[in-house]
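Each of the next two complexes has chain A plus one other chain: chain B in the first, chain C in the second.
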Partner chain A sequence: MIAYLTAMAISAGIYALLALGVNLTWGMAGMVNLGLAGFFAVGGYVSAMLTKAGVAIPLGIAAGALAAAATGAGVALITARLRADYLAIVTLGFSESVRIAAANEIWLTNGSDGIAGIPGPWRGTLPPQQFNLVFLIIVVAVLIVTFVLLQRLVHSPFGRVLRAIRDDEDVAGVAGKYVLAFKVKAFAVGAAVLGVAGALYAHETSFVAPDLFAPLLTLNIILALVAGGVGNNAGAVIGAVLIVVLLEGTRFIAPLLPFLAPAQIAAVRELLVSGLLLVILRVLPAGIVPEKIST
Partner chain B sequence: MIRFTRRGLLATAALAAPSIVGAQGAALRLGVLTPLTGAGSFDGPRMLKAMQAVTNDINGAGGILGRKIELVVEDDETNPEAAVRAAHKLVDVDKVPVIMGTWASAVTTAVAPVCWESKTFLTTVSGADSITHLPHQGYLIRTQPNNQLQATKHAEFIIRHGSKRMFILAIQAPFAEPTRKYLTEMLTPHGVTVAGSLIYDKDKTSYRSEVDQALKAKPDLLYLNGYAPDVAVVLRDLYRAGYDGDRFCQSYALTAKALEELPKEVTQGVYTVQPSADVDSAAYAAAAKRLGIATPDSYEAQATDWISIVALTIAKAGDATGTAIRDSVRKITNSDGVKVYTAVDGLAALKQGKEIKYSGASGPCTFTDIGDISDCKFRYNRVENGAFKYLEVS
Partner chain C sequence: MLTDIVQLVLNGIMAGAILAAPAIGFTAIYAVLRFPNFAVASHATIGAFAGYCANVWLGLPLLPSAVVAFLVAGIVGVTSDSLVLRPLRSAGLITTTIASVALTIALENLVRLGFGNALRNYDLPIMRDWRFGGIRVGPQQLEDLAISAAAVAALFTFLAFTRLGKAMRAVADNPTLAAIKGIDADRIARIVNFIAMGLAGLGGMLLGLDTSIDPLTGFRAILAIFAAAVVGGLGSIPGAVVGALTVGVAEELSQLVLPSDYRTVVGFIAILLVLSFRPRGILGARAY
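And now, the complex of A and B:
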């Protein structure tokens, strides 16, 4: 059981990083980013390819983050004039483009076979159980550092400008802020966090393939953020943990429903997860930890 | 201070006795990880049913090692990320020695490291050649023929069939490129021209432009290497384009359900192929009877074989751990012993101390060192009036 809880805690940590990354662009700067799976993939693939070529894992993760940040800046520039729904659609299109490119550029990404055998920190020298524990410590450490840095960002002048842009872009512009530069920076930093999450995921499971970056993941993270509280970093982390608890906890209902076939139980699980999220949002429309609006 | 009294000890012993007996008879839990939702949700539940049917037979005959089998089922959601979480649950919470049933190649490749690192045995239908080349240390077998074996056999059929000019329409999947390569290598020396090939993306609502491109090459045979949803669209578009040549696809790409849904004119004359046991195989007949289906498909047959092989291996090894299964599985599948065709018959023979060789519903089930099947027959059907008509097994 401990081994299972460790593995799920790693999943929750990676989900939390993803939610934090999205929260920066969406929650703080008001730019809906449904392209998160794309940045997750860029981080994962870059780190996977570099570390398979012999680069040290921390450097691989850093390179994954940088590559995701550069991609994020590019996407922000391309979508500079888009807002709200239109931005959401284009970013979703971006993540699908990354997935399809990864499936077709076989020379680079090994196509839909994916890249297997990605090294992990002390994988092979440690027994699997201890490897998971070490990896959990790494994920939690990265999560804490990211969280603290993002919290500082919230309270910095930069964070205030982002919120001003979110609330009214034109007013921020009139006040002398160069809106586009702020947006590009916010997108780049958010994407870097997503890239780190992707790289960590690749080193944990030792495998990346285009199918991993299907829209299901995007959906889970957006739900986590909405349930936790958009605009609040603590909400993002709590929402991510909640999603993993819901996804995994519903597995254990099977023994309670012996009269249903496994395929029906699988459907009931999906129903339960969506139903519980609906209840949360009905009772707490601003999420579990709403953003504190300071005046 | 604890005081032992005779009466107290007797009472304790009386209470403990049923639990000791119970522990000896505690169910043996085996893991099933099939797609119950997502793209594989047509095949997953049927594979599960096939495994449940064999389990019932085995339990009815007294179980293995004096224990009943209990299948612990998780949904892989046809998604590698969700599947890895489910595999962790099966391995770490349920402590299963084996996981049976991964379907999509990406799912199997993601789940395999979880299995071999935790010394859990994995059985799969995934077709990507790369899977058996993973460093799985023997903890993996695949009952699905790999691309090379499939393409070789398909090519033999196409040559016999007398086609001269073939075009390949394939979905973007791990098997697309290797299959094209092997087909071309096999067909060209026998005077069949591979006039071209293209790879398309899944989930499109129309493949008109792909179909136009294929028909420009004037093929007399189209090799449709896709999955059910896209092949249904391609067949419609071919019909609309007025193509009257032959079409050839895997049986999983044109299912009985699809035949019901598509107009008869659209599917008329399509050739389908599936890995198969001999038609007169006793194992296949037993599976058909057990499932109450006239012709179980390849996946149902393979699922039947996994649970049978695993149960027989555990009985043979006398130990229900993943490592024991790995070390003993070829004593059941690759042996020269008495041929058995069902798990129940095999268990009876093992009890008599006989060496056995399990010959399965999906084929002979003889495995190479890396876990591929070494040979397999293929069953060819042709669609006539909206129903499959049996052609040959070869």
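And now, the complex of A and C:
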């Protein structure tokens, strides 16, 4: 039971990091990111490949974050001049392209078999139970540091400009802010957080494969953020915890519906998640913790 | 080598003609309602399964099955839009877009709940390919092309010559002015959804005719559909046709240099190129 709760807490922490990363670009800068699974994958794969080649784990995670940030900046550079709807299309296309490339560049990523045996911190020397506990502490520490840094970013001049761009790009431009640069930076930082989450995930499970980065992950995180409150870091974390509890909770519907095949059970779970997102968008558009607008 | 290229171009035109139907659907909704509706993916799947039921369970021939695919997807499109998306449109572009993603996953899983993940095939007579010199043409592909072309031609006639078609173009062109002239925007939105999702459903069925269908049929095509719409000019219906043919041919020609698994990525690259160098697309944003 404790092992199960620890594993759940680790995924909640990783989901919270993902929600924080998306919140920076979407909640603060108004740029929607439907390709977060792609950045998550970039972080995971880069760190997995480097640490398997002998690089230390913290360096691998940092490299994963940098790689995700660089790809994020590239995606933002191409789309930042365009309206939000193009960004939705391009980011989704990006994550699908990453998945297809990961499945086909076998020399680099071992194709759809994925990369197994990724080292984790003290994995060999600790018993599995304690390894999970140590990993949980690492995830929570990373989450707290990220949260504090992002919180400072919100109240910094940089964060103020991002919110100005979100609310009215032209006004921010007229006020002398170089909108494109701010958008690219925001997207890169957000993508870096997603990359860190991906790297942590890879080191926790010791395995990455293209199918882990399906669009459904993106939907889960967006649900977490919308439920918690877009534009609010605390809301992002609370939403992530709620969604993990909900996702785990839907596991228990399987025994209730014994006449359904496994594929159908999976369908019911996904229906619940997407249906819940639609309901929350309708009845609670500002989320559980609405963004405080300071005047 | 030359016959290879001719063959690939020919395959690309046929694939592009099928792609044109859902691409028009996507771009038409964008033109009138101003948001990218990701739910075209699930409606393509719904059309594919509706056509499958008509064809395999009821034993209908291809053409009536295609009509069933259009009608069922169109009706689901109108219903899901008025129940789910319309109330959210006032909340803004991003909210509506995200709701359409959630909607498409919900509908896809409804199909999965009913039919499972198994691959299914249509019940069609097997025909030998025709050969002209070194070029192969499948009679089935030609039939797909003819059905898609007929649907597109019908849509153009509707837009050009009927009162409703003109009203649709008016709303796409200038919603405020159209409202002043007494055009009921909600009614137009319903009609656009019916036609657009119907076309998506028809396209989904045509996509599955050659191979097989499963709940992911629509989602697998979504990047190519977006690419066709963006390359042609988001919101332009003739643009969607031009874009679909371009993307279809580009996907096939890419096989000369890339493994065929990368076909989907070609659509993405096409989107990036167009957005970098000509964001309004080949034909620009004029709706018609």
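Just so it is clear, the second predicted complex is superposed on the first by the 263 of 295 C-alpha atoms of A that agree within 3 Å, B and C clash if a C-alpha of one lies under 4 Å from a C-alpha of the other, contacts with A are read in each partner's own complex, and residues count from 1 in each chain.
The working rule: a contact is a pair of C-beta atoms (placed from the backbone, for glycine too) under 8 Å apart; a residue touches a chain by one contact, two chains touch by 3 or more.
Since we're looking at a predicted model, the values are computed, not measured.
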Touching partner for A:P285 - first (chain B), second (chain C), both, neither: second
Contacts of A:G114 with chain B and chain C, given as first, second, both or neither: first
Partner chain(s) touched by A:G54 [first = chain B, second = chain C, both, neither]: neither
Partner chain in contact with A:G176 - chain B first, chain C second, else both or neither: neither
Which superposed partner A:P157 touches (first chain B, second chain C, both, neither): neither
Partner chain(s) touched by A:P258 [first = chain B, second = chain C, both, neither]: neither
Partner chain(s) touched by A:N104 [first = chain B, second = chain C, both, neither]: both
Touching both chain B and chain C, residues of chain A: 100, 103-104, 216, 261, 263, 266-267, 270
Chain A contact footprint on chain B (complex, rising order): 32, 36-37, 41, 44-45, 48, 73-75, 77, 79-82, 84-86, 88-89, 91-93, 104-107, 109-110, 113, 117-118, 128, 130, 134-135, 172-174, 177, 199, 201
Contacting residues of chain A [partner chain C, same complex]: 26, 30, 32, 34, 78-79, 81-86, 88-90, 92-94, 96-97, 100-101, 103-104, 215-216, 219, 222-223, 226, 260-261, 263-264, 266-268, 270-271, 273-275, 277-278, 281-282, 285
Footprint of chain B on chain A - complex, ascending: 1-4, 7-8, 11, 100, 103-104, 106, 111-114, 116-117, 128, 131, 205-207, 209-212, 214, 216-217, 247-248, 251, 254, 261-263, 265-267, 269-270
Chain C to chain A touching residues, read off their complex: 30, 35-36, 38, 84, 87-88, 91, 93-95, 97-99, 101-103, 105-106, 109-110, 112-113, 116-117, 215, 219, 222-223, 226-227, 230, 234, 259, 261-262, 264-265, 267-268, 271-272, 275-276, 279
